[in-house]
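Next come the structures, one after another.
Next come two complexes, and both contain chain A; in the first it sits with chain B, in the second with chain C.
On to the complex of A and B.
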């Protein structure tokens, strides 16, 4: 009974049940012909003839998501540090971040399609999503340094730059790493939505083509691949977050 | 003068973006087909309200119906995991799994499963709104004030009493956060679903305008959604403040 209460066992059981239900509904035809069994979806992903197609699509999506992730994270951190050093800027930056988060990317996509060079929309949308999360995490992290440490730096006459580099940024790292973890799915979402609005290739393009041409197994395979990519990135970011928390807390 | 400087302080970021946009249009010398003048968009908004408003109504009501459905489902499952540790152990990792993958990619899958139609838009927003509601309600139901659970036990309260009188009120601030996150996502999901299926609402209107190269109409639809989702965000922010003041 002890083993049955272990959250890891239960979690594995839950995931397994989900996969089994997916397979059973697909195999029995209960979900109609648009619900393929898991085994057929996995078989398509494992088929070497398809690797060229999936590889090119995943490569395009990944490079857009990574570009957006890197630029968005850098912009979020820079903006947060800037508003930290110049507090009068903070309310405006908060409004900007909240506004950009509240406006759905669907509304922004057409503007970017017009303004940006072709193919730049996926990376831009993922950058915006990432920037908001990282900005919020960094801004709250920069306030995390303890009052006693702050007093010590004041007493020793530390300059703002030294205070930032030696006290506030290290103190903010755990919060920043959490923000970076949460930003992984956001980067993928931005890239895929950007591709839906217009991109030559990518997983998003594959998904929409699969939907419109009734290539059901292809549609599910591309969605599963996007999910697996996001999960892999999420796990890497979780490992980084653990390491940072262990070192800086 | 003071009002002006307060305005500058609060809105410099948004103003900067708008200025950069205008500068880009002027410098790169785009023509009106590619990038309509702001006046064209404003004129289309003024004359085309009869087209915009019904479409917005369709999108908004689909998003709201989905939000309510997703919230009910999320709260129900949250209560289930609150009552049963086994269910909690099995459901939590599955939800973590879903929160680490791009859920919007499910929209085309759901569109194929349920068929193209207005009902599918609601189904999609239900699925999208479910996740924040479930995550925040199961966390909120456990965030009890210290000592309160012991008091209820000492007084011999039933589980139902504990749920209704203690856990649910304690979860209200978390649920309000979920509402703030979910409201923006619901409208986004409804718009994307309508855009991809081309069936109804603002999303379909936008898709049609885009394929007919009526950029002023497409940008007008963008502005309307942006305004609506900003209004939703501010409303949910008020709801969150109220929930915090009332239940904390």
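On to the complex of A and C.
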């Protein structure tokens, strides 16, 4: 009973069920010929002849996503800190961030394709998605310090810089780490969509090629690989988030 | 206002807005209170009579609706800006991500001053937390947290000490011990101190003057000089005069205590 209630066991069970369902639907042909059984997708991913192709594609996507993640997160934190120190900027920054998030990246991509140097679109789209999430998380985190702590810093004669560094930023870390976790899938989605619109290589390129050439198994392999990358990043970010929450709350 | 008072509250009224009431809550009503330099004043009064509000206004955390608050002849904010206050409020307000040692050293860091490690260690020993230097607040009992709070208030040797029921969460034995320690520290430094407390004995044992406030709105009801010479041994609490004064203060507090 106790084992059955463990969320990890339940999660594993759910994943297994999903895989079985995928396999069954694919094998029976219920989902049409665009729904291959999972075993064929896995077989393609496991084929050493394809590793070079998948490796280069995944590497390109990962590098674009990581670049976007790092720059987007830094920009989001810096923007949130700036608006925190200069409150008159806050409504404008909020609107800018919300606006950038409201425009679908599919619509932005062609614009960036024209504006940016070749190959810059995946990382840029990735960075925009990350920046929005991290900005919102940081901005709300910077307001998380308790009133009693704020009062203490006032009585201690804290200047804004000391207050930010010793109270508000540490108090914001749990919220920032949550934002960083949620930003992991956004980084990958941004990179993949950016690659659809033109990149020399990447999982997005494989997906588009698979679609256009009707290589259904290749298409699914690239999708699965992107999902696995996202999941791995998400798990790492979850571990970091846990550690931060334990320390700073 | 007395010239040269360390803390001077003149005709202070504080009205808080309250939902559904046009005139709001009158927390303090024309309170005038002077604390001389080096004087220890204890503030007694029923719950909700505005003691914390009065202390917060002295620290510059709140402003009177009418009247003035001066500390050393200056606005409280000016004193805070040069780290002239030591405060221990009802809520211990320790930073959860800092160890005991770093919490006590925080005032140095906030002021941008070099941490005096020897002074921090001395205070840790004073509040009997040796061995817990690296512990985080969540690993401490309520009483231990409150002792860290006091150590942090004292670390910069402030000109004015503001204490809001700092021993409220402590058991009777620890509380008495802290009272003795506070008296010892205070006798050495003679820091101007304003202490809010619910305990009549604590007020009489520690203070030069006990100010009793009435219930809402808070007004000064009684201003009682404490006659016992210093240093005061614990035995003072067993003297008939101590009991007589104590009974008088309890009686002064009682009408409000009987209210719902």
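Criterion: the second predicted complex is superposed on the first by the 238 of 249 C-alpha atoms of A that agree within 3 Å, B and C clash if a C-alpha of one lies under 4 Å from a C-alpha of the other, contacts with A are read in each partner's own complex, and residues count from 1 in each chain.
The rule is short, and it goes like this: contacts are C-beta pairs under 8 Å (C-beta built on N, C-alpha and C of every residue); 3 or more make two chains touch, one makes a residue touch a chain.
No experiment lies behind these values; they were computed from the predicted model shown.
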First, second, both or neither for A:162, with chain B first and chain C second: second
Touched partner set for A:170, first chain B, second chain C, both or neither: second
Touching partner for A:230 - first (chain B), second (chain C), both, neither: first
Contacts of A:103 with chain B and chain C, given as first, second, both or neither: first
Chain B versus chain C as contact partner of A:92, first or second or both or neither: first
Touched partner set for A:30, first chain B, second chain C, both or neither: neither
Partner chain in contact with A:247 - chain B first, chain C second, else both or neither: second
Common interface positions of chain A, toward chain B and toward chain C: none
Residues of chain A defined as touching chain C within the complex: 146, 148-149, 151-159, 162, 166-167, 170, 247-249
Residues of chain B defined as touching chain A within the complex: 8-14, 16-17, 21, 24, 30, 34-35, 85-86, 89-94, 97, 99-106, 108-109, 111-113, 184, 187-188, 191-192, 195-196, 203, 206, 210, 215, 218-219, 222-223, 225-226, 229-230, 232-233
Contacting residues of chain C [partner chain A, same complex]: 56, 59-61, 80-85, 87, 89, 91, 93, 95-97, 106-107, 109-112, 162
Touching residues (chain side chain A, partner chain B) in the complex: 4-5, 7, 9-15, 17-18, 31-32, 34-35, 88-89, 91-93, 95-99, 101-108, 110-111, 114-115, 184-185, 188-189, 192-193, 196, 203-204, 207-208, 210-211, 214, 216, 219-220, 222-223, 226-227, 230-231, 234
